[in-house]
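Two complexes come next, and they have one chain in common, subunit A, joined by subunit B in the first and subunit C in the second.
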Partner chain A sequence: MQEVIGTNNRMLEIDLTAKKFQVTEVDKKDRDLYLGGKGLGLKLLYDRMEPGLDPLGPDNMIAFTMGILMGTGAPCSGRFEAITKSPLTGAMVTGTCGGPFGMAVKTSGWDAIIVKGKCSAPTYLYIDSKGVQFKPAKGIWGKDTEAAQAALLKEGAGAIVIGPAGENLVKYANIASGHRFLGRGGIGAVMGSKNLKGIVARGNEFKIVPANKKKFAKANKRFFKFINKNPITSGSYRSFGTNANVNLSNASGILPVRNFTGGSHGEAHKISGETMAERFHTKYDTCKPCAILCGHRGTINGKEHHIPEYETIGLMGSNLEIFDPAQIVEWNELCSKYGMDTISTGGTLAWAMEATEKGLIKTNLKFGSPSGVSEMIRDIAYRKGMGNDLAEGSRAASKKYGGEDFAIHVKGLEMAAYDPRGCVGHGLSYATANRGACHLSSVLFSLEAYLGMASPYATRWKPFMVKFMENVLSAVNSLHICLFTAYAVFLEPPLIKLTPVPLIKQLNQNLSLVALNLMDVSLWPELWHAVLGKTYIPYLGMLKFIKAGERVHVLERYMNTREGISRKDDTLPRRFLTEGRKCDQKEHTVPLEKMLGKYYRLRGYDANGIPKKRTLKRLNIAIQ
Partner chain B sequence: MAQMITVRIKFFSGIDKELKLENYDPSKGMSLSIPSGKRLKWALKHAGLTDFSSYAYFRSGERISTWSKLKQGDEVSCLKPSGGG
Partner chain C sequence: MQIPDYYEFLNQAKIISGKKAMEHIPFELRGYDAQKPLVVTSRALSESGLIKKFIGAFKDSAVTLGGIFNDVRDYAGIGLARDAAFLYRERGCDSIIAVGNGPEVDVAKAVNILVAEKTDDLFKYFEGTPLKRHLKPLIVVPACCSSGMEFTNTVTVDNRSLTSNFLYPDLAVLDPRMTPAKSRDCVAESTVIAMAHAVGAALTDIHSPMIEAYAHSALRYLGLHMTKGLKKPGHVETSLALHNAYALAALAFSNAPAGMVHLLAVELARATDISAGKFMRILLPYKMAHMMHKKMKIRDELFLALAGYDEYAATPAKDRSRAGVERVLALLAGLKGMMPETMKDLKVPKYKLGDIAKAASARSGKRYSEADCKTVLEHAWEGRAF
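On to the complex of A and B.
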């Protein structure tokens, strides 16, 4: 097998309308400024896409990018990204996935693929080191994600496909690779709008070798040690999957209950990771390569099933007041087969239940009752009856029927399973996150509610914490290493490990600038430098890495502002701003306005939330 | 003699199994009668937990330390730490 030292620096630009492709080189300056992966993908589309285009029109593009670390043996680095303009939000959307497609593309010799145009008939693409073949998808169009993948995987090592939801342009349709998904924002609908059923990559043609093997091995060894020592990455996730969060969210009052009217529930333990592990005899079923092993499979009535992730459990379980884990497993599998985001599906179903209760729409959906939910999921995927309206998402449905106050979304993207009234800094993060109510933009709920490292209700320093975490996580997402490695990288270095949690909380609350800058996140940039054979200068290399993350985040924001996003969109559903919850001893709401202006100033945005020219210049972002 | 108070401790993440609690119901937890003014650390030892430094404790939605003083009717959840999903 031919060796690639560091990275290929080659990409494919595919025009579906013309059935042509072009091989181009990745600009090394862009790769270094944006780190590859998500950052590079955004830059590629920034250079190529005009603002204001129809997300479901042929001019919209999808960039698939593989990370610099992919294929090198770095822990949890088998991830790839898709970037496009979202039909659900009208803003840019980025999604990361641990399925086998990324590794197959990278080992076919490509660092990125850009798809534009529209096929005249259903098509799938075959990719190998020579280029692209356009093949008719007649036999697989209409098939679910499992059947479609089974057909495509006869030709290669990894594939992505859409299900019926993507074909029917459901605004929150996703893309499947293995049993992992590019979940949010309707990337699957963009593929469907292009008549593109899937892409299969041959893979296993190239071996990726770090340029500086010695330095890479040293950093990698330390990384694995941290992952295996950390109680989150080697304990809870490994034993119970991300569902370990159910009891934790319940205890900390941030579990969504009954369309986010409550933050905890007495029956929550019935849908927890612990209960599922015991009832369904779970075993690992993860992304590859993975050192954390959070994905699980289990046996229900003699048949193997994928165990849903925490977000699915939160949104399709407690948020609908359903506490039967087997039922949620069934809905999760339906969504997986149809190719629909479980967060948006759950959030939209919860809106429909409340809207039905309030007499705004007529359905047989009811909180606490599983009756009619499976049928509605199918109706959404095939756009039948009320399912056709719900396929547009909770924002569009509430505009049509009323009930905008309880449509739980930001910028059109349904909220993840953390109630911001129990972690107000995360409320700011939800409001300002580039892709909408995304939990992964800053993951501040973790510091505030789970780890006790910041006061959940204080606003002081929160804008700074959100900005810092967004910058670091944007950089990590550009490396395409799993975000869960953050717990090992952040919490295992000796300085923070030996500091008592209450002291960290005090430091974060009073001297956050000092506290967060003391965090040692050097492992990530060390690996990146070693793969590319670049010299890593301690501390300065880390600052450069965080600045690259800032560049990625601000570029995405700037692209969104060109689509009309501004301060008016950086808000939260009224429920979080005005309604307290019974589960709190003292009722809390999110004091968003108190934090928003400060956040903009720290970010270098104007009062309307638009990045200032000098901010763009400082970050080497060319104004278009 | 110190006044006695009643508190409830709910164990999750398999900690109940480590404590070998029989017929344990996580929705009810374990009810403990302890002297007034005692800290969580004391109650945990009383419940049979020996290594409690690596767990997370929550009372009324907020994380607390083992040094927190307990009050009548307190409900404390005891879990292994986790991150985000």
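On to the complex of A and C.
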């Protein structure tokens, strides 16, 4: 097998309309400035896509980027990124995913794939080191994600496919890679609009070798040590998966209940990771390579099933007032087969339940009742009856039928399973996140609600914390490596580990700049430098890495503002701004306006939320 | 002036405008045999101190305010209406006073249906069940950024609209303590909405001297007071004059079929979350240009309303139509720098224009063809002349 030292630096640009492809090189300057993964993907599309185009039209492009760490054996690095313009939000969407596809593409010799145009008939692509073959997908069009993948995987080591939801242009259709998904924002619908059922990559043609093996091995060793020491990465997530969050969220009042009208529920323990592990005898079922092992399978009635992630449990369980884990497992698998994002599906179903209750629409959906939910999921995937309207997402449905005040989305993207009234900094993050109500933009809920490292209701330093976390996580998503490694990287270095949590909380509340500087995130850039054989200068290298993350975040924001996104979109559903909850001793809402102006100033945006010219210049972003 | 064949016109609201107008409310309530009103307003108005001024007007009266429901924000939803109706019933209220603008008045009208019809099912009236009787006394007190829609016979709840003559307010109170705007942008937006409604009503196919009288008076008032209102948004007399213009325009609008500019702006606002007023500013010149391009009749009276008798008489008859359009454009030019001029400036996605044109055409009952709607939209998007 041939060796690739560092990175392939090659990418494929595929025109589906013309059935042609070309091989191009990744610009070295772009690699330095944007790292890879999410950052590089955004830059590639920034250079190629006009603003204002129809996300479901042939001019929209999807970039799949593999990241520098993919294939090197770095922990939790088996992830790739997809970037496109979202049909759900009208803004840019980036998604990250495990599964075998990324590794197969990278070991076929490609760092990135850009797809544009539209096939005249259903097609799938076969990719190997020589290039691309366009193959008719007649036999697999209409098949669910499992069947379609099974067919494609006969030809290669990894594949991505869409299900019927993607084919039917459901606005939150996703893309499957193994049993992992590029979940949010309707990337699957973009593939469907191009008549592209899937892509299969041959893989195993190249071996990826870090340029500086010694330094890479040293950093890698330290990384594994941190992961195996951290109580979240080696404890709760490893034992119970992300569902370990259920009890934490319930205790801290951020679990979504009844379309986000409540933050905790007496029956939540029934759907917790701990309960599922015991009841379904769960075992690992993870991405490769993974050191955390958060994915699980379990046995229900003698049959093996995937255990849903926390977001699915929150949105399709407590948020619908359903506390039967087997039921949620069934809906999770339905969504997986049809290829639909469980967060948006759950959020939209919750809206439909409340809209039905309030007399805005007529369905048989009801909070607390599983009746009619499976049928509605199918109707959404196939766009039948009311399912056709719900397939547009809660924003569009509420614009058509009313109920905008309880459509729980930001910028059109349904909210993840953390109620911001119990973690107001995370509320700011939801409002300003580039892709909409995204929980992964800053993950501030973990500091505010889970770890006790920041007051959940204080606002003073939250804009600063959101900005810092957004920058770091954008950089992490550009390596690419699993975000869950952040628990280990942030919390295991000696300085932060030895500082008492109450002191960190006080510092975060009163002097966040000091607290965040206690956090040593150097492990990530050390790996990146080692793979590429670049010299890593301690501390400065870390600052450069965080600045690259800032560049990625601001570029995405700038691209979004070209699509019309501005301050008016950086808001939260009315429910969080005006309604208190009974679960709180003292009612809380999110004081968003108090934080937003300061956040803009810190970010270098104008009062309308548009990046200023001098901000773009400082970050080397060329103005188009 | 054309002799009308047939028309209908209704303005049910009594209007009280001027100094200490709010002090008349207790007396007027007695006339409706009511003495315990529920006040529906927003938190923003409460925090701005305007509600304090409003309450002050009742201090020497025997009227007891049954409750103040101030949870309304920028959206009128059924949840709010039910909460307010619950408060109304709980406190034994007998009338409703809406203080504010669109959403506050919409919630108040929805509450009125719920309590007067003794139902929780509001939407059956939106789906065909007619309102058949007078509702509870409803008083509106427009405040700050009003656009005149408070005076109309329409209620919009959860993006659904219902029009019924029983939805006209019984009394509208224009008090100069409540009308001054907080910003130029606010005046600009209210003014342009009123202008679009007045022009739309003035150019409608229905020849009604009543509609024309209201629309022309509205335009005359706007023409006279807009510039000063934009310069000094807080000016008491000017803001009162402008609010009178907004009321006149809205009443003309209520009695005329909705114009293309209104229909398109509402659909655009729905698709983009940008306010309809901004789109009306952009669309109005293009709609008029489109009419001229298609050689549709633009009545000379538009010019008369905006220029006055002397100038009208001094202008040759063949030029009056164009001169009317030019006057409207000149008024809109006064908004330069305050409001965007093309949809491209607002970053409206061009690919959405087809759907918007289709929806607006359908809403007009096909009075405006989809093709015409799209033509106007496309020109406005590109900033391209006809």
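In this text, the second predicted complex is superposed on the first by the 624 of 624 C-alpha atoms of A that agree within 3 Å, B and C clash if a C-alpha of one lies under 4 Å from a C-alpha of the other, contacts with A are read in each partner's own complex, and residues count from 1 in each chain.
The rule is simple: a contact is a pair of C-beta atoms (placed from the backbone, for glycine too) under 8 Å apart; a residue touches a chain by one contact, two chains touch by 3 or more.
Every value quoted in this text rests on a predicted model; they were computed, and no experiment measured them.
Colleague: Quick one: classify A:G564 as touching subunit B (first), subunit C (second), both or neither.
Modeller: A:G564 sits against subunit C, while subunit B stays out of touch.
Colleague: Tell me which partner A:G403 touches in the superposition: subunit B (first), subunit C (second), both or neither.
Modeller: A:G403 contacts subunit C only, not subunit B.
Colleague: Touch check for A:E392: first (subunit B), second (subunit C), both, or neither?
Modeller: Neither: A:E392 stays clear of subunit B and subunit C.
Colleague: With the two complexes superposed on chain A, say which partner A:E526 touches: subunit B (first), subunit C (second), both, or neither.
Modeller: Neither partner.
Colleague: Output check: A:D54 vs subunit B and subunit C. Expected answer is one of first, second, both, neither. What do you get?
Modeller: In the superposed model, A:D54 contacts subunit C only, not subunit B.
Colleague: Determine, under the contact definition given at the top, whether A:E414 touches first (subunit B), second (subunit C), both, or neither.
Modeller: Neither partner.
Colleague: Contacts for A:N245 in the overlay, against subunit B (first) and subunit C (second): which applies, first, second, both or neither?
Modeller: After superposing on A, A:N245 lies in contact with subunit B but is clear of subunit C.
Colleague: Thinking of the overlay built on chain A, is A:E321 touched by subunit B (first), by subunit C (second), by both, or by neither?
Modeller: Neither partner.
Colleague: Between subunit B and subunit C, point out the one touching more subunit A residues.
Modeller: When the residues of subunit A touched by each partner are counted, B comes out ahead.
Colleague: Quick check on the output: what are the common subunit A residues between the subunit B footprint and the subunit C footprint?
Modeller: In subunit A, nothing is touched by subunit B and also by subunit C.
Colleague: Can you tell me which positions in subunit C touch subunit A when the two form their complex?
Modeller: For this pair, the touching residues of subunit C are 43, 71, 73, 75, 77-80, 82, 120-123, 157-160, 270-274, 346-351.
Colleague: In their shared complex, at which residues does subunit A touch subunit B?
Modeller: It comes out as residues 231-233, 235-237, 239-240, 242-245, 247-248, 250-254, 263-264, 266-267, 269, 272, 274, 309-311, 314, 416-418, 422, 439-440, 443, 445-446, 449-452, 456, 484, 486-487, 501-502, 583-585.
Colleague: Note which residues of subunit A are touching subunit C in the complex, please.
Modeller: By the definition above, subunit A touches subunit C via 51-54, 57, 90, 358-360, 398-406, 562-564, 568-569, 574, 577-578.
Colleague: Across the complex, what residues on subunit B touch subunit A?
Modeller: Answer in residue numbers: 10, 12-14, 26-27, 54, 56, 58, 60-63, 65, 77, 79-85.
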